[in-house]
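Both of the next two complexes hold subunit A, though its partner changes from subunit B to subunit C.
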Partner chain A sequence: MGDWWREFPEMDRETLVALRKALDGGYREFSRSYGAEIEAFFDPLLYFLVWFEKLLLATPWWLVIIVLCGFAWMASRSWKIILGTVIAFLLIGWFGMWEDTMRTMSIIIVCTLIAIALGVPIGILMARSGRTQAVVTPVLDVMQTMPAFVYLIPVVMLLGIGKVPGVIAVVIYAIPPVIRLTNLGIRLVDRDVMEAADSFGASPWQRLVRVQVPLAMPTIMAGINQTIMMALAMVVIASMIGVKGLGQPVLKSITNQYFTLGLLNGLAIVALAIVFDRISQAYGRRMQAYRERLEG
Partner chain B sequence: MLFRTVFGVLATLALFASFLVTAPARAADCGRVTLADMNWSSATFIANVDRFILEHGYGCDAELVVGDTMPTGTSMIEKGEPDIASELWTHGFTEALERGVSEGRLKIVSASLSDGGEEGFWVPKFLVDKHPELATISGIRKHAALFKNPEDPTTSLFMGCPAGWGCQINAGNLYKALNLKDAGFVLGDPGSGAGLAGSLAKAYERGEPWFGYYWAPTPLLGKYEMVKVDFESGVDEAHFVECIAVADCENPKPTMYPPAPVHTVVTADLSERALAVVAYLSRRSFTNSFMNGFLAWVDDNQADGEVAMAHFMKTHEPLWREWVSAEAAGRIKAALAKM
Partner chain C sequence: MAGVCRPTANGWKVEPVIELSGLYKIFGSDPAGLLPRVRDEGVGKDDLLDRYNGVLGLRDINLSIPARTIQVVMGLSGSGKSTLIRHINRLIDPTAGQVVVDGEDVMALSKAQLRDFRCRKIAMVFQRFALMPHRTVSQNVAFGLEIQRFDKAEIARRVSYWVERVGLGGNGDQYPNQLSGGMQQRVGLARALATDADILLMDEAFSALDPLIRRDMQGMLLDLQAELKKTIVFITHDLDEALRVGDDIVILRDGAVVQQGNAQDIVLRPADDYIADFVQDINLGKVIRLASIMRPMTAGLTGPALDGSMLLADAVRFFAAADADTALVTGEAGRVVGAITARDVMGAMVRG
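Take a look at the complex of A and B:
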């Protein structure tokens, strides 16, 4: 029996190191030559992020709560959700986490908007072609399971630390649900309905925006809801590359074993998540109720 | 059907089990020893050297456990685990450590880095070549505009220490003491060690200005030529201990970093039951110039702790021979020959 029988016949270390160094060197070279241009490309996003964070921080706390409750009312028409939102934010403020919460909220909102703006069109493309679906699905699998630090550090080498790489990391992790569920929602639209639309002479564009997307809306909303949840789950990871917000005190508490500090900030993230979850779910449900009324 | 599945699984397991080789029996005088394997190059290297020498020279059943400065320090004080921290930067929690030592739970056996750790605020050397006055803090203040903060171009960025690290306190106090705020600098938080290293590496690779906290010996400072900024104050060790290292110190004054104590710390339990091991640890120490050079090799070869250890044991025999007894040295040599 040769050695290969007991031990995996692996590549020898020198070759492997040479390969690793060649790839690392190539990436460094790339970052040196094109880094500045790529950074400049993301500058508008950075200005927007900074502006939006400043806006949320400068807005008086009661106005932020009123605006949030306004959104909650439009989406859910539920007094319970509004009451919960008010209590959650009052507690967050009382425990001295208002600023960090605003910072986290600003980045989460921007990330969610980017995820929707990119994710819904990709989902629609996937639903229209089986081949696109076959290509995109494994990419989504990679995005959801690849440990964040694996792509965070190359992104840091390219763009430095701070908000933009943070947003990129969060969007990579959080975008798959909205893509998957947009695709699913459109594929689930009833064939009879599509035939009816065809027989009325609807153009492909009309079919998409007047029939498929509205009927798929509750599923798409479920995807958006999941995207928001996953974006919030990434808050701590994003703070590891210098994104300010609730993640920073959590990191601080981990390194120093300040359990209560960690718990309070963790609970603030949970509170944000629950508020956003209930609002977006209620919105999805209300759209469904409307459809049921129509059908019933 | 179910029977056949179960039988199949059992047969597969039996096949795998036939490949298991029973581990050779260990000498019983040392027993099981756990060593903290910290996640930076020099610490994981020293821990691997200790593990190899303990296992082959002193017959210990030595095992590496993942660690980090604060969690490992706390766990050693509170729970007596792990047994050995091979490279512990102790100034972050001097008080807790002193309590552990005075209550007889911990023992400091040696300085892992005999020169101590070197901390400071650094700028890239290529920048100092262009603007020589940047080697001093007054030059930094004068040229603050060079270090533009990307998130707010009207300010400059001083890259501080990650949230929760011991150096976050002292770097923050020195930021105050050196009036960096009045010069237009904001205190940046890189979020993690990887974030701090990434921001330095990115700036250096790109030829961009960077001004921030870092420490040596590290592969990064072995690889990138950085200049330690002179605070024009000298070292005031008493003030550093009383004020700069203390959170919320009222009136911090400028002082350079004194050499940071870097110790090998063991639990009291181990120091009682394994005298030979403690004798080895108390002799085992590295100079910064050796460590910087060695870490540059580690980085060039992308070596992990184990590969670095093997390289060191094979190429630096005279060095480790001084640390161990003659019999242990013979056993280690035999184990090395088999590697």
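Take a look at the complex of A and C:
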């Protein structure tokens, strides 16, 4: 103990081991006693995931492309984006990655929907109170900087390997942007306009749905766009805990040094990312059409 | 015409609809603590800021605004005009004092009652329009009606009426960004009028507009008022505007009332140098009326009859065209109350 100025006076080894054991043991105990209940809680999600994946896999490829183009058209009204979508999916199919792409797409879509369903209300609560913002912001910071592998561990300990833990991990990783930008978008709504709404006797709820959310929508869309991109970036890591899709061939390529296989699947992820990005961005832009002045 | 037809002058007994009494507003971290300094020790706005780090918004405002008149509140930027008007619909809570509207103590209302009160009784028009950029002109005008949950058909009916009425008939489906400032404020006015509220608060509603457009809007407001007879609190920092639209004018300085009266009172008898500065460039011919400069009637005097409410500028035009240079001034019911000469009129139009 006399050496504390030369060596860092660290906690002694036994205590550290004991601490780790106690925490790990406690958590293991917790997952052993409640794991089943928690799994049961997520069962509906699991059924939905399985059903949605089956739906995408069972739908004929041309119908999937048509439906996607339908969404792309509604969101963007742009022939360029439609054309790009068609080409991207034809190439994916041609190179034999259709099924994995459908699996990845199903998980990404579900994760994005969950992130929106949780993230937008959280963002709204943050915008309403400075205290909530002060609590949530550091949590988001941790979620965004903590290496994904680290929070995979407790998720896997609790729920094992499979789709549900994969979705949870992806949502944890991808949800911060939608929360942050919902909060920001609502805080940026013009104070004058809010005062006008108040002066007409709008209730907090009327203000929210008629003024704040519509005006924050372009910013919220930017958050959703980032969330989709981050969810796609998690595909490979999620495949390590048993999420099927484009991530697994990539993982296989790393262990077996199949460069081309890895590259093709990687490019498929990129193609998905670009398609989703362009569609959601075009939608965000279209929602701001009212900001443009008429010529003349 | 503004200025003469004050209901009280006509002898009607009118209950004031808006009554502000003993109103103080102090901004800062400890308004209640600073109140005695301002109220009892008479600390002024500058001192309050320097010594106590508080901003004096309003000091002892006592104001009764009768129904169906246009009350102008005038003052330089920072004099407390916006603060005052926001007390009427309680967008701002006073530090001390009372706000009574239509016999109802606004400070005693619950949250729900306050919303109801704002919906039904009071509508507001804003300096920077405060339109909702994501809504079309029609949807903006519909806003207050949607808040009150009118049915769709009623909303559509009122919206199309008011959009038409403010002269935006062809613009219903455009977004505010596509309109000029003047047109945007017409939307703001239509939005406020559509709810049929009896009280209209206008916070420098025309200040952001070009002078010509501003005159147009003032004209439109006066036309509408002639028909609708609302109780309007109209804020401006522009004396010409105040004199043109105001039945009664209150002048604020550093949060306190320095003078109250109609256009002639203000122009002919400015209460202090601050107001004298304001009025020195005013065209008196457009403010002063015959009744206030006429001479007593002397027996045997004859001539054409002019109404006592005629502006001096109009009287000059009359004398220039007529061959008389003396006229009789008439009051209520055409009764002769005095006489005036062309020379009197011209003399009164230049400041002595």
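Quick note on the criterion: the second predicted complex is superposed on the first by the 288 of 296 C-alpha atoms of A that agree within 3 Å, B and C clash if a C-alpha of one lies under 4 Å from a C-alpha of the other, contacts with A are read in each partner's own complex, and residues count from 1 in each chain.
Following the convention adopted for this analysis, a contact is a pair of C-beta atoms (placed from the backbone, for glycine too) under 8 Å apart; a residue touches a chain by one contact, two chains touch by 3 or more.
Values in this document were obtained by computation on a predicted structure and should not be read as measured data.
Trainee: Specify the outcome, clash or fit, for subunit B and subunit C once both structures are aligned onto subunit A.
Mentor: Result for subunit B and subunit C: fit.
Trainee: Scan A:141 for contacts with subunit B and subunit C and give back first, second, both or neither.
Mentor: Neither partner.
Trainee: Should A:211 be classified as contacting the first partner (subunit B), the second (subunit C), both, or neither?
Mentor: In the superposition, A:211 contacts subunit C only.
Trainee: For A:254 in the superposed arrangement: first (subunit B), second (subunit C), both or neither?
Mentor: A:254 sits against subunit B, while subunit C stays out of touch.
Trainee: Now for A:157: first (subunit B), second (subunit C), both, or neither, which partner does it touch?
Mentor: A:157 sits against subunit B, while subunit C stays out of touch.
Trainee: Is it subunit B or subunit C that touches the larger share of residues in subunit A?
Mentor: B
Trainee: With both complexes overlaid on chain A, does A:196 touch subunit B (first), subunit C (second), both or neither?
Mentor: Touch status of A:196: second partner only.
Trainee: Contacts for A:17 in the overlay, against subunit B (first) and subunit C (second): which applies, first, second, both or neither?
Mentor: The answer is first: A:17 touches subunit B but not subunit C.
Trainee: How many Å separate the nearest C-alpha atoms of subunit B and subunit C in the overlaid structures?
Mentor: 36
Trainee: Where on subunit A do the contacts with subunit B and the contacts with subunit C coincide?
Mentor: none
Trainee: Where on subunit C does subunit A make contact in their complex?
Mentor: 89, 91, 114-120, 122-124, 126, 128, 130-134, 143-144, 146-148, 174-175, 177-178, 191, 195, 201
Trainee: Going by the contact rule at the top, pick out the subunit A residues touching subunit C in the complex.
Mentor: Spelled out, the residues of subunit A in touch with subunit C are 190, 192-193, 195-203, 206, 210-211, 214-215, 217, 290-294.
Trainee: Enumerate the contact residues on subunit A facing subunit B in the complex.
Mentor: Listed in rising order, the residues are 6, 13, 17, 20-21, 24, 28, 31-32, 35-36, 46, 50, 149, 152-153, 156-163, 239-244, 247-249, 251-257.
Trainee: Quick check on the complex: what are the subunit B residues that touch subunit A?
Mentor: Residues in contact with subunit A: 19, 68, 70-71, 74, 150-152, 162-165, 188-192, 194-195, 198-199, 201-203, 205-206, 301-302, 307.
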